[in-house]
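Several structures are given next for inspection.
One chain, chain A, links the two complexes that follow: it is found with chain B in the first and with chain C in the second.
Showing the complex of A and B:
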């Protein structure tokens, strides 16, 4: 199963959810609703792209939600302390990158498993966020800054294009170029497939793993900034809880294999969109919201089953091809 | 009873009969009407190049795969196992090429795996231990049933694997490349087990690429080619050249190319190692020279330190002490990247683990080590990559539908060419190869030798390690021999033969004439 096939599959699912929901409740196509879905997709999509980088190496980043929480806590504290907004945002992003570097170094230098390292991160950063804020709800009043998440630079008809879409576009295009076209991206995919072989071929495996975790945490911090600006009032104990799971789900739904070495940025963005659409249709179709997790989980499970089924069929075809190659070998 | 069984192995009483067996995979006929007959108390060799159908046949006999047509009989009754379980219960045991033991469990637990004796729903450990002891006894293995598999040597694991197969009361035991991970001593022990099984009246099917094992061990041999019976050899007909001829369908003499003359340059050696001590054998100090254009082989038993030496030169392992130089300039390999930058490349022993990205294309795999050399800004130059790989792949004669074909679908020989191609693309001065043709069939083997010889005629130096004496004598212009980390021999090809290499490799006194090793303090 190639990645392109998976992306097509998830696109098909997206179209199906859109049509079904729109058919069942025409309010789905209202500008307000679409703006909301697109804006949310953008925020979660950025987290999903981050998650994709760690997953592509064959690892996992469970700390995303807590990095979101910590970033969303530090940002208003810096602004309240009088730090100029651009400097505050930059500072939060730097902290994110630094946390990612620590994850990467613990994985490559100390030899810990990504699951353990980032699980500890999940617990530690949540604790830090709650402690430094005293568990108090924090607010951001800087409306100019908040428009980065809530504003709309222009409209198409009655549809006000949400500002985060542009951030997602920038992040997505850069990430896609990085992963799909650059030498570094090729190295990341190669080491995700077979770290030993990549090392033997001279790929700087350790350095690239650190890069992957830096990108993951950096994008989580960016997501944290945007979520903070979007909501405007942040509860450090709850902000970003479970977001790592949304991010990982989007990445997996979008075609990233947890075995590593496989992933498409476009797929991840589509995956994030499907997640948000499902949530949206639960609301619009009047399905009890208690079922939200169950429905998302069910769709993810069905996706995984479909993927595995196609994989098995492809595997059989490959075995046949191999046998054919061998018989050509011996006859020539 | 054993002798009795063996005695009744006269014509007529067949243990196993296979007739007209076919197995079709989409697009290819893996087995095309194959027949096979085996009697109790017989060792039957099954040989053929990769893809000849041996593995498919063995898998069908052992219930891993099912045939599309044909008939199989075991002791006169129809034989159609649907699962490996069913095959084992019926008396056909397949000893896997790659040992499949649960390393964290005890020997007894492994042997009893899947047929654990129980008492009131719980595993009866005493009975399992007894079962293991009995099975180990049949292969005369002095292994503690309570030992954890992790702590066993490759040879002991092999014996456990065999015992596991026998615990079901096997009538037919299939060995699939059993010696590929064994030392020479362990192989000898295995041959004794095979003979023991034969004397007990078991029919042994013995699959191997190592032809001398077939000629030494087997009573008869069935040769497969392209999924058909190519020949059945026994008695005086069962010799190496007849086997090779039947396997490849042409005489061996046509395969062997004239060996290139030894190019002797009077310039500085391409590689020079002085007092090199590897981390694995720190007590052994190695002095090695390889001239430009020279092909030097390293002989030695498994564990003699050959892989460690090559990986140290390539920078995968840190040397404890010693100086290396390349063309007279000091060379400090502190990692594969540094080695590659200095013009040193390594084709590793295990190409699936250390060589290839099996899911990825030929293009990706060949390009992997030289991405930065072709990049345009930060990006991979895909167009240049395509033409470079296209050219390299056709120069090496890689047989594939296109360079986009995943390497996992290629045959062993073509996979090895892809790995070699990757390193030739890096334009090395010194090419290190660890077991250059493991799992590569005879025809492709000869192609690889020829490619290396051509490149050496152009000035490339090659240092390769091999367990295959034929290969060492065929390819190496000079052969170094290692034993427990030390160099115990340095022999020109003209002076070398298999016996001398084996003697030196086992630490026997170097009765080598003028060629015993220079200087080991």
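Showing the complex of A and C:
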């Protein structure tokens, strides 16, 4: 099955979870709840889009959660030190991009595996975040800045559109255009599928890999800023723990192949939405929180099984059709 | 089949053979995909909701929200359940395991779901004030275990962690009249209860005055009264890291005289570390909370004693107060906004009595 089929599949899963939760507890459809889910999807979706860039190259970025933690830690420290808010945000994003560039260079120039490089990143950035903050909880009370994550620029009826959804839209549209419509995006997908062939076809493989990791860490840093602004309270040792796995799950759920060369930004956003919906519905349906991971994992697994089953059935039918077409060709 | 120029498929919207994707989407498998995807997870969720969903007695429903997952919270949850049974109400126990972000999202979801009151152990009482105020505007809100004193929460149920820390330090001080090197172990130092306990232990050991606003830096090694605090090691609630932290400290300080476990699992982790290095009984341990391993070790004499915060009382009083507020009875609110639960210092002398009461409490909440 192709990427577009996968996107339709994940959309089906999304509709199923929405309908089921809404049927069991109609409050699910209340404006407040939809705002919450959309707002969370925006935050986790941005991380997922970042993860997608490293995954389409056939790599992986395990450092996302720690970059979230580090940027969420640096932001309030810069603000407390008197740096104006816009400059502080810009500084954090630059640090994110720089970390991504380091990952990319270590992978392409030194020849290390993405898993190793970003795993070390995961550990190093967590340690730095804890050290520079002295393990102290940090706060952000700049309400104007916080409205970037918690505010709502306008309402549709009683639904206050959460501000981060616009950031997700901007990031998502740019990323989709980049990946699906630009020559660089095609290069990324091509090198993810077969780096050697891409190299011989004239694709600047190394440079594009660096770009992919820069985008991944840049979006992780943006996510970190938004998470920090959303919660207003940053525990450097815990902030963003495991978020790389949520991001990777959203990307894979949304149709990115871990083998590289395949991916859809819309799918990733839908994947992030499914993850957040599951967490939301667990509370709304009063399911004991001990079962949380089991349910999220179970639904993801069922999705993967359904996906693979349909892929096989479709493959068989295609083969049969081709055989039929061939026999018709020879008879005519 | 023709390949695009250059030998590689240059578009993500094409499949591996290079054919336009739209051709592959025969309608029938697609329809069956959607059917599959709708039906399977829905069935799974339905089954889970049916077997695991919370009971509904039709009376008021309260939520008891913790700051993580721990056996400590199971005892507190038993208290909440016991009160729910006593007053004929429903209580949801909610354990956010993903830190402050997770706690915030679960609280938001509970408000949507509709509850008649929430008791929460606030992860960051300083910076989550406006969020707590939002909740207080929508339902009855009280805090337990860790407070958000500047928020509009109606009251706080908990122990005085600084006093508890001092009590824990006193245990060690009595056992080590000549002083010595002491190491502290804790899950997270960002939490105020952890900071207060740590300070209480240090101040008791160093024979300082009673001052809960004092703070030694996280990496400080204060000394006095014959004692030196050689380190405060954090483990982020990772139990195996807690053990290796203790082991590493034992290697770094062969002459260590005492260890203090500030969170429930820390003293058992110290015990394991001592056992693995054949030093059991050679280093004194004082503990917090009532994990089975800690109580067993008190019986054996390998742990001096533990400071129990009586978590059952947290749960019980939280639900009792919420139920009163829901019924419009303000007299349930404690004076000064704080219901101080008395800690119990458990040593070999009162161990059996304490255990019997604990078992009775847990049975009452199951």
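The rule we apply is simple: the second predicted complex is superposed on the first by the 309 of 332 C-alpha atoms of A that agree within 3 Å, B and C clash if a C-alpha of one lies under 4 Å from a C-alpha of the other, contacts with A are read in each partner's own complex, and residues count from 1 in each chain.
Methods note: a residue touches a chain if its C-beta (ideal position, glycine included) is under 8 Å from a C-beta of that chain, and two chains touch if they have at least 3 such contacts.
Everything numeric here is computed off the predicted structure, so don't read it as measured data.
Trainee: According to the stated criteria, A:193 is in contact with first (chain B), second (chain C), both, or neither; which is it?
Mentor: It touches chain B and chain C both.
Trainee: After lining up the shared chain so the two structures overlap, which partner does A:264 touch, if you call chain B first and chain C second: first, second, both or neither?
Mentor: After superposition on chain A, A:264 lies in contact with chain C alone.
Trainee: In the superposed arrangement, which partner chain does A:238 touch: chain B (first), chain C (second), both, or neither?
Mentor: second
Trainee: Looking at A:9 after the superposition, I want to know if it touches chain B, chain C, both of them or none. Which is it: first, second, both, neither?
Mentor: second
Trainee: In the overlay, answer first, second, both or neither for which of chain B and chain C A:184 touches.
Mentor: So A:184 only meets chain B here.
Trainee: Quick check on the superposed pair: does A:317 touch chain B, chain C, both, or neither? Answer first, second, both or neither.
Mentor: After superposing on A, A:317 lies in contact with both chain B and chain C.
Trainee: Please work out whether A:201 is in contact with chain B alone, chain C alone, both, or neither, and reply first, second, both or neither.
Mentor: both
Trainee: Check whether chain B or chain C contacts more residues of chain A in the superposed model.
Mentor: Counting contacted residues of chain A, the larger count belongs to C.
Trainee: If we overlay the two complexes on their shared chain A, which of chain B and chain C does A:289 touch? Say first, second, both or neither.
Mentor: Second partner only.
Trainee: Just which bits of chain A does chain B share with chain C as contact spots?
Mentor: 186, 189-190, 193-194, 197-198, 200-202, 261-262, 317-318, 321
Trainee: Which of the residues in chain A end up touching chain B in this complex?
Mentor: Result: residues 177, 181-184, 186-187, 189-190, 193-194, 196-204, 261-262, 316-332 of chain A touch chain B.
Trainee: Quick one: which bits of chain C touch chain A in the complex? Just the residue numbers, please.
Mentor: It is residues 6-16, 21, 24-26, 29-30, 32-34, 36-42, 44-46, 48-49, 52-54, 92-101, 104-106, 108-114, 123-124, 126-128, 130-131, 188-191, 217-219, 234, 236 of chain C that touch chain A.
Trainee: Under the stated contact criterion, what part of chain A meets chain C in this complex?
Mentor: 1-5, 8-9, 12-13, 15-17, 19-21, 24-25, 27-28, 30, 32-33, 36, 40, 56, 134-141, 179-180, 185-186, 189-190, 193-194, 197-198, 200-202, 227, 230-239, 241-242, 261-264, 279-281, 283-292, 295, 298-299, 302-303, 305-307, 309-310, 313-314, 317-318, 321
Trainee: Contact residues on chain B for chain A in the complex?
Mentor: 25-30, 49-52, 225-227, 316, 336-337, 339-340, 346, 348, 353-360, 364, 368-369, 371-372, 375, 378-380, 399-401, 405-406, 408-411, 413-414, 422, 441, 443-444
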